């Protein structure tokens, strides 16, 4: 009935069969969602943040629910790049979907070292640079707010990444996100992903302590979606479109309608984070819904939709 | 049964019989809530933003609902300071509760002029400086993000305010809210109120247009509460406590438990905005709930609770 | 005494009428009689939906709402012994979809009665009720009101819809008049109002716009502007056309407008309606929830 | 084949038991039998609550939840013709309060069965079930399982609570034993498990901690560590004490832990449990939802 739409997209040089990816830290490393869906149907898969050394992460409680959202302070718990290579890469090889490895660290050298270890792995399509995690005390968030540092770290990681594309993930917690976006682009970013979580706190009024052991955590989920849509649109107009660089939009997406909002605002592709916890299959439902919407609106190629906000 | 607590507070030199005030722009000028409660029972009343000249505000739609929140782009619609003085001040005189007038403008002179007109009005207890409204194109938000401007505008308005206390209302949309808070304190602010709304956007995917005529609006409501609690705690520790200046905490409060979170985080008083739309009497319920909590916890004076986060 | 209040009403029934329309019937407890008995036609309620669940497989993208939703009353039956209020709603989004889960026996929290009402002056002879789609709802309560309080006045209702399916609130019945099938609407007929229907596709009444129907009948029946009032509610373009007709032909006209509302009680300024001021060039924004929803069509800047 | 799945179950009943406890009984539709018939005692479900309403006058501050909530099964009756699953929950906050609005006939969306289970080895002779408060829930399904699959093994249950009111899930009956009133719990007795109760205030069973009761009975009945397993679930301090007792006396012990969970399926790492690794000094964080909730008490860093 509906015209058939090509919903595949080119994201930073990687062909995605559709514009929907998992979000880092909300989908495991590779096979954690297998009971619920065939991840090969996704546009792409973004792993948890990987650091040079394994990390246990923060003490519990690491999460707490909020209205239409949640805080997390996982603290980049991960198995480290060595075990990632030995245990996860073989499983990634069995999949047929572009994998982006999210990279985190405490100093530029850490990021560079992890990237260099993975630069020649055929199984990996590209990298996402996490310079915006609010839950790690020593680094992370400071990188993400300083344009000079952002440009520097992007450039150094980019050269370590070899031919693989590098997406830089931005924090919303800045006065002018276009400035940090521009810095990433100047540093050589092939794509921008936004947004990461907002630093936030929930207090248990009976104990008068923060609920999270880490005291603060990052706010994600539908609560933040309208801010994320605005920021994607702002960066699209002011930075990404002029520079010809794609945006990966995320923050509170749980339905096709949400995803389409981000695409209209300027995202070439989208990621689904918190919603996967409640509906592990929701990425697939979103993909279907996007195809359906495009068919209904006579859109031949989904690229017509990107940034089509009037 | 419970021990009786003194929940009155001193806020910037003004005695409030309890720590709960209305939030600017969500309670009208003076008598709009009279059908629902006796506003004399409130700790304080903060009027809509008043500008030098009357303003019609933005075209409609001016609001849209979001998950656990809403966007507004009212555009500072108000009757202007002249009509405020002639029509509203007489009604304010009939009330027996401290009134704070929220002041807005486009340039420093505007703010100063409005403040000067009201500085000698006995009926007014103090001022709240709105340098953080995200819905007015020409000014507002730019003041709110630049520490140099904040210090300057605060100082000039403060001297126009005469003996009346001046509260400066901060925007959350900055990299480091302690820097803007400190600038306000340096400029002579007697109190800080935080937070105002986040700039955000909702897109109608059928028309591919923003739902709001103003395109963007300010996000308020329970969705933003955990960010607001974090920011209040940050400013309390880094600026307000060292400077001995009180914080008016707001952002998503709708129950006593929410209000108590802000107080534990460091707020001396709290404001209720969006929640009043759904529950016009909710300020009174919050006051009751705070008194009850204090009684249950053997708190003799609510000041014991302020900033008591462990 | 206050003019509006938070009311906890008991649900008598909440019935689906067709795939996306519902009728919610409420019993108002006695303590609210002093408030609710002031109800006038055209006034509305702000209904709390936060505590409602969603149906198992919702059609609309989920939204966790904090705000109330505005709805007109289609009828408020006030007697000494009881007050029964009815709301007719169309399921258009996540909020109204939640309302479909309301069941008999539930308690509904609403703020009412809100806003201005249609006014009926003593010298009125003929009331022309022009409704489109959901806009017919407040006109129903107007017909009820005129019938009860001004039984001598003449009422004619003109109802427009896309198709006959857009009239599901109504009990319609067809009969032959001069060899043609005529569809009538019981909800207005029972109050003595003759009804005429227009649908875009001709599936009921005449094919065409309700405004054409109005113009035709006014000339056919030689209705004169003096002592006549047009009351209209419906989609904004339709009301604009009706207001235009009224203006051109010197009819007085009251319109009931809709706006996105955050509070419904004059706190937020979200519901602005641009209006002209007598004798001034500068327009003002009035509030749909407080200065409206019923306005004199001549003051609205269309 | 997948080991866990999203299951749409039909609600048979959702009954309040006392002021803040409820029992939710679910009929599992046939298509999910391949999944649900793999259920083992100790496993849990992630129940979707987003679409639920709240009661009219909620006790707890409202929270609009997106996430699911984890609950153990107290019993999963599996026959060829039907699978009936029961969840016992305590109303502690806004999420569980929403669950009280579930009615017979509703559809509940849950992901199940999740996590590890209690294990029963062939050489086990005596199973000591030590539960506190809500922690008795998964032990009930363990008793059901042992009774059905290992009818020869001996079971003794030790249940602790603040007061007799904290035992509302159970059908208790008192009888005289050696001149003293003894309270027994039908839910365990019916599976052949002798029950002992300890309450902080002595309102049922002995007055004191369930750990003391356990220690006393183990020595009184001369229960030896070999071929005995302690299974425990309850408040963390209680489990820690039980694990300490087990360790000191060379009993093997399985504990079922609780954590705040965002996903329940191994995606988010929110449910970390610090564990020691055999032969290493460095500890690791395991996942309560995937590597647990049932752990060997010896590996948990208390």
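Worth pointing out:
To keep things simple, chains are lettered A, B, C and D as they appear, and every chain counts its residues starting from 1.
We adopt the following convention: a contact is a pair of C-beta atoms (placed from the backbone, for glycine too) under 8 Å apart; a residue touches a chain by one contact, two chains touch by 3 or more.
Nothing here was measured: the structure is a model prediction, and the numbers come from that model.
Using the mean of the Cα atoms as each chain's centre, the chain most removed from chain D is C.
Centroid to centroid, with C-alpha atoms defining each point, chain B and chain C lie 37 Å apart.
We define each chain's centre as the mean of its Cα atoms; on that basis chain C and chain D are separated by 55 Å.
Taking each chain's centre as the average of its CA atoms, chain A and chain C sit 47 Å apart. Residue positions 50, 62, 64, 66 of chain D are each in touch with at least two other chains.
Chain B has residues 66-69, 221-222, 254, 257 in contact with two or more other chains. Interchain contacts join each chain to each other chain, per the touch definition above.
Those residues of chain A lying in contact with chain C across their complex are 67-68, 222, 254-255, 257-258. The touching residues of chain C, when paired with chain A in their complex, are 61-62, 64. Every residue of chain B that touches chain C in the complex is listed here, in rising order: 25-28, 32-36, 48, 56-57, 59-70, 72, 74, 77, 221-222, 254, 274-281.
Those residues of chain C whose C-beta lies close enough to touch chain B in the complex are 2-6, 48, 50, 62-68, 95, 111, 259-274, 283-285.
Looking at the complex, you find that chain D touches chain C at residues 50-56, 58, 62, 64, 66, 101, 106-107, 109.
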